[in-house]
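Letters A, B and C mark the chains as written, and numbering starts fresh at 1 in each.
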Amino acid sequence: MSKLTRTLALLASIAVVSSAFVACGGGNETTSSSAAPAAENSSSAAPAEEGGDSSAAPAEEGGDSSAAEEGGNEEGGAEAGGELEAGAVNLPDTDDTLTIVCWTDADLANMFDVYANHSDANVVYQNCGDNGADAAVKYATYLNSGDDVDLFVAEAGWILNYINDNSMSAPLSDLGITTADYADAYQYTVEIGTDNDGVLKAASWQAAAGGYAYNTALAEEYLGVTSAEDMQAKISDWAGFEATAAELKEKSEGKVTMAATIGGLWQAFSTAKNAAWVDGTAIQTDVAKEFTDMVKGYVDNGYVNPKVEQWTTDWTNVGLQGETLGYFYSTWCLGEGAQLEQHGGTDGNWNIVVGPQEFFWGGSWLCVSPNCNTASEASKFVKAFTTDASIMEEYALYSGDFTNNKVAMDKIVADGSNSNPLLGGQDQFAVLSDVAAGIKMSDSITKYDQNLKDTFLDVLKKNIDSSTDDIISAFTTQALADNPDLTA
Amino acid sequence: MASAAQSRIKSISYAKYGYMFIAPFFLVYCFFQIWPLIYTFILSFKGNQANNAQFVGLDNYSQILFGTGSSEGASAVHEEFARALGNTFVLWFGNFIPQILLSLLLAVWFTDAKVKLPGKGFFKIVMYMPNIITAASVAALYVNLFGDSKYYFVNATLMKLGMITDPVEFVAGPTASKVMVMFIQTWLWFGNTMIMLMSGIMGISPSLFEAADIDGANSTQQFFNITLPLLQPIMVYTLVTSMIGGLQMFDLPYLYHNGANFSKQLETVAVYIYYNFNKGTVDQANYGYAGAASIVIFAITAILGSITFYMNRDKDAIAKKKQRKKAEKQMKAKMKQGGLSI
Amino acid sequence: MSTKSQYGEAKDNYHQKLMAKSIAILVVCILLTLICLVPIYILIVNSTHSSNDLAQNPSRFFFGPHLGDNFKTLMNNLPADAGKAAKRVAAQYSSAFNLGKGYLNSLIIAGFSTLLTVFFSAMTAYGLTVYEFKLNSAAYTFIIGVMMIPVQVSSAGFVRFMYSLNLINSFIPLIIPAIAAPAVIFFMVSYMKSSFPLEIVEAARIDGCTELRTFVTIAIPMMKPAIAVQAIFAFVANWNNYYTQNMILKNADYATVPIMVSKVLAFDKNVDNGVNYLCITLSILPIVVVYFILSKFIIAGVALGGVKE
């Protein structure tokens, strides 16, 4: 009998131990906001230092709003946006920390910096997954895990998976936000953010127009080009781009390539064609085929180095070491601290032009988690960055990102208020505003895009010496193996 | 009195304690392993992506094993699975063979009393060290040292020394990357195997070696006639553990890549399962393939495992049986003799 | 006379041969030592250089002056006048690689798993060797059989099951299953069979010791060597278990050291190579140091693992 009790005691002790783990988990939960101070440290420091550079507003406002507590009514006069207002929310409002799940903290860090000027809400982000492809995978687990999520950031490559799944995302109307709020937005962002049932599920703060940024010193040395207009004239179509690449190769004795990566070329080449990867269930390879033909020539002629992988150290180094004339960038690469600066743009001797084709790159949307329990704050945040022209203008000037508000962007361009020191004072918004207006991708994106694009580029780089047909068939084979839903 | 107590104890049945002692294992095992295994089994009969709730029978198996089935990419699915299976075996053989040879050689050297080797203890410690390092860190370390361009240590150094003119693709190269993974795996495990084998060798009675010395056997003969046969059980143990580890090789092949996506040329079955299972939201993932691949690898492990175990156990049992028979004979002979003498 | 000199010659010859062999072995050993240590050394060297220096000359063999800067970036402790780019890098690294938290999480998981593994495995092994019961051999055969099931086989179902139990982002699925470790039981059973006298149990019974107490106070101390070995193996295995941890722990707050390293490795923006190396160094170095301190004990333990039936 006593042995039995002892055994029971043992089992009980196991239970205690395991409950200790639970407690442990709980303990961590409360410290989860510790990511916030880190984020907020950088945010509270940045506006002050940033104020002098781009616009005076953030610095002044930053001082005001942090001093003025909730009674932000008074400061309405100074700030066009005034107090942030939540819509009529239809989700619980029980938590006081707004948690946003993201896969890269670059955008959110900028947003938090700007947001701190307008709100003292407790906003934190959870960065899960550190690149887009990875995040598409990790989000599903994260959103199901029961951990606090109010909003999450989804990327064009895989957003459809999430907005078409009601267990993953809630309608924006639950935050009191409707399609009518997006009259000034670039319409493609609204179309993509609308799910198959016509419900608005996601809103974007950016219109990810892209351009070709080039090193002006190299351009002058090898091509004799001294202005962005001349550069654009030289590379205004793919034939011109190729001819310039040939000239560059000859003058630099093969030391400098025209484009940094195949991935960048693909982005510029493919998105403007607005061709879907999948039609019905059939995988479309026409654009891929066309691109393969073109890029094989580029590789053979040394206009691009196929070994340089997008988003790697090599990618950074070819810019830093002057081994490439330029990069295809999206607007979110052009702000202070973003890719351009890391790739050697610190001297201000880079310029941006539209390039051979108008293109766009990615773009992220804010989506609402069905488990959102900070609805009012979530509503304020989404409204601030996707509908409020003045905050979006501030954000554009602060981050260099092309925001999703025509009024705000037109105002910046008209005022000439943006001068990017990394681009030698050039205003990237003026260059890219036409591009942004022309973005069409709503009818071409599918939920398989991320996977298919990754697979295609992977197959292409591995088999660059094979014939175009072989590359395309290798791609199709792999794509079918990964996606039994699809057909050739 | 003592004998009374003893007999009392003998008469008590302790069987229930046996069950009690092994109960936690079985409870936890069933809950965390058997049920998930059954679950995996069920998943393997269900569809992929949009069809994930549909019962499809053996469709997944026929796709991954034979390349026939409902999806248009069935043959591609089979190709990929076959490639993953091939990679698994290639990577395992490629690290097991050099590893066991190197370890055996070192173990023999280190246990050879005639060889005067300074710092034996130090060597052992250093050689075992890689084994304790997290595989994720090891992968990160090697990717950063052996990167494909001139911006990474090994290529930069080799180019500086003039040994190569163009960088070698240690990470993205289809053959080089496999060789690297084999090398790293060997690097990780040879110390461990060596120490295992050493203790096995030291467990062999020294008198055997002395006798062989007296009989004039040289060290090679001693190795093949004494060390190796007597080391067999521990070699089998190493083989089995290495095989189990090899069939589930995941960390290194999955993490040894540059850029965002894992390297398809290093895709092992474990990576295949992980990838298909974790391909995004529910209607993007291929639970069916992942489940079927899991069951297939389970079957393969079970078969290979029981073969090695059977061979090893059988021999022991046969030897014991023989010994017993011999002893019985001797006894009988003795009894006969005794009988005669009486 | 002549025989003696002949013998002497042979002996000299023998000694020479042995000497040559020893030197050859020494050379091989030194080479292998270098292969083991040089990557670690270069790793540490590289973590003391800045990303820019490494880009200009990646082939560096000596320590550089930037260890402190890399540390500041990793800890997000940059001077106030640092540029926004540097701050972005620092924010990214510090949020993904929080060394203290990573080590704590890894320690909790590996520590508790190890405790559970050795205790319950010893208990199961004890139950199987000491008691005779109907299902004894069936149970043992079962354990040997399942020993070979790879983790991946059930992982698909395991993760889905943990979802349904709402145990994602929890340490429980990483710790409690450690109770069931067939390979450890297998080892302990063979250890007990060879070196655990069953008479001792009977003696304890005569002295009126309860079964559980016999196990805890008599058997466990006697099995100490086997427990120590398996504890080392279990700890290392759980510490390094990236596969399961990566599937269960999705929240950055629960990330363990291997997860953090793989995150840093996956960065595709704001990469700073010097800090990358520092992260890897920090994930490796403490373990290596602990290992070297305990190395004699560990090596002895591993050797014990080899001595078995």
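What we mean here is this: a residue touches a chain if its C-beta (ideal position, glycine included) is under 8 Å from a C-beta of that chain, and two chains touch if they have at least 3 such contacts.
Computed from a prediction, not measured in an experiment: that's the story for all the values here.
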Report the pair of chains linked by the most C-beta pairs in contact. B-C
Specify the chain most distant from chain C by Cα centroid. A
Per-chain Cα centroid nearest the overall protein Cα centroid belongs to chain C
Whole-Å gap between the CA centroids of chain B and chain C: 16
Dist(centroid_CA(chain A), centroid_CA(chain C)) in Å evaluates to 38
For chain A versus chain B, what separation do you get between their C-alpha means, in angstrom? 43
Could you pull out the residues of chain B that touch at least 2 other chains? 17, 20, 24, 151-152, 259-260, 278
Multi-partner residues of chain C (at least 2 other chains): 55, 176, 211, 247, 266, 268, 273
Residues within chain A bordering two or more other chains: 3, 7, 131, 134, 141, 310-313, 317
Under the stated contact criterion, what part of chain B meets chain A in this complex? 17, 20, 24, 47-51, 63, 70-73, 76-77, 79-80, 147-149, 151-152, 167, 169, 172, 174, 258-261, 264-265, 276, 278-286, 289
Name, in rising order, each residue of chain A that touches chain C in their complex. 2-3, 6-7, 10, 17-18, 21-22, 24-25, 28-29, 31-32, 34-35, 38-39, 41-42, 45-46, 49-50, 104-106, 109, 126-131, 134, 138, 141-142, 144-147, 310-313, 316-317, 320-321, 336-339, 341-342
Can you name the residues of chain B that touch chain C in the complex? 2, 5-6, 9, 14-22, 24-26, 28-29, 32-33, 35-43, 106, 109, 114-119, 121-137, 139-145, 150-153, 155-157, 160, 187, 191-192, 195-200, 202-203, 233-234, 237, 240-241, 244, 247-248, 250-251, 255, 259-260, 269-270, 273-274, 277-278, 287, 290-291, 294-295, 297-298, 301-302, 305, 309
Interface with chain B, chain C side, in the complex: residues 18, 21-22, 25-26, 29, 32-33, 35-37, 39-40, 42-43, 46, 54-55, 57-60, 120-121, 123-124, 126-128, 130-136, 139, 143-161, 173, 176-177, 179-180, 182-183, 185, 202, 205-206, 211, 215, 236, 239-240, 242-243, 247, 257-259, 261-262, 264-266, 268, 273, 276-277, 279-280, 283-284, 287-288, 291-292, 295-296, 298-299, 302-309
Mind pulling up the chain C residues that touch chain A in the complex? 52, 55, 76, 80-81, 83-88, 90-92, 94-96, 108, 112, 163, 166, 168-172, 175-176, 210-213, 247, 250-254, 263, 266-271, 273
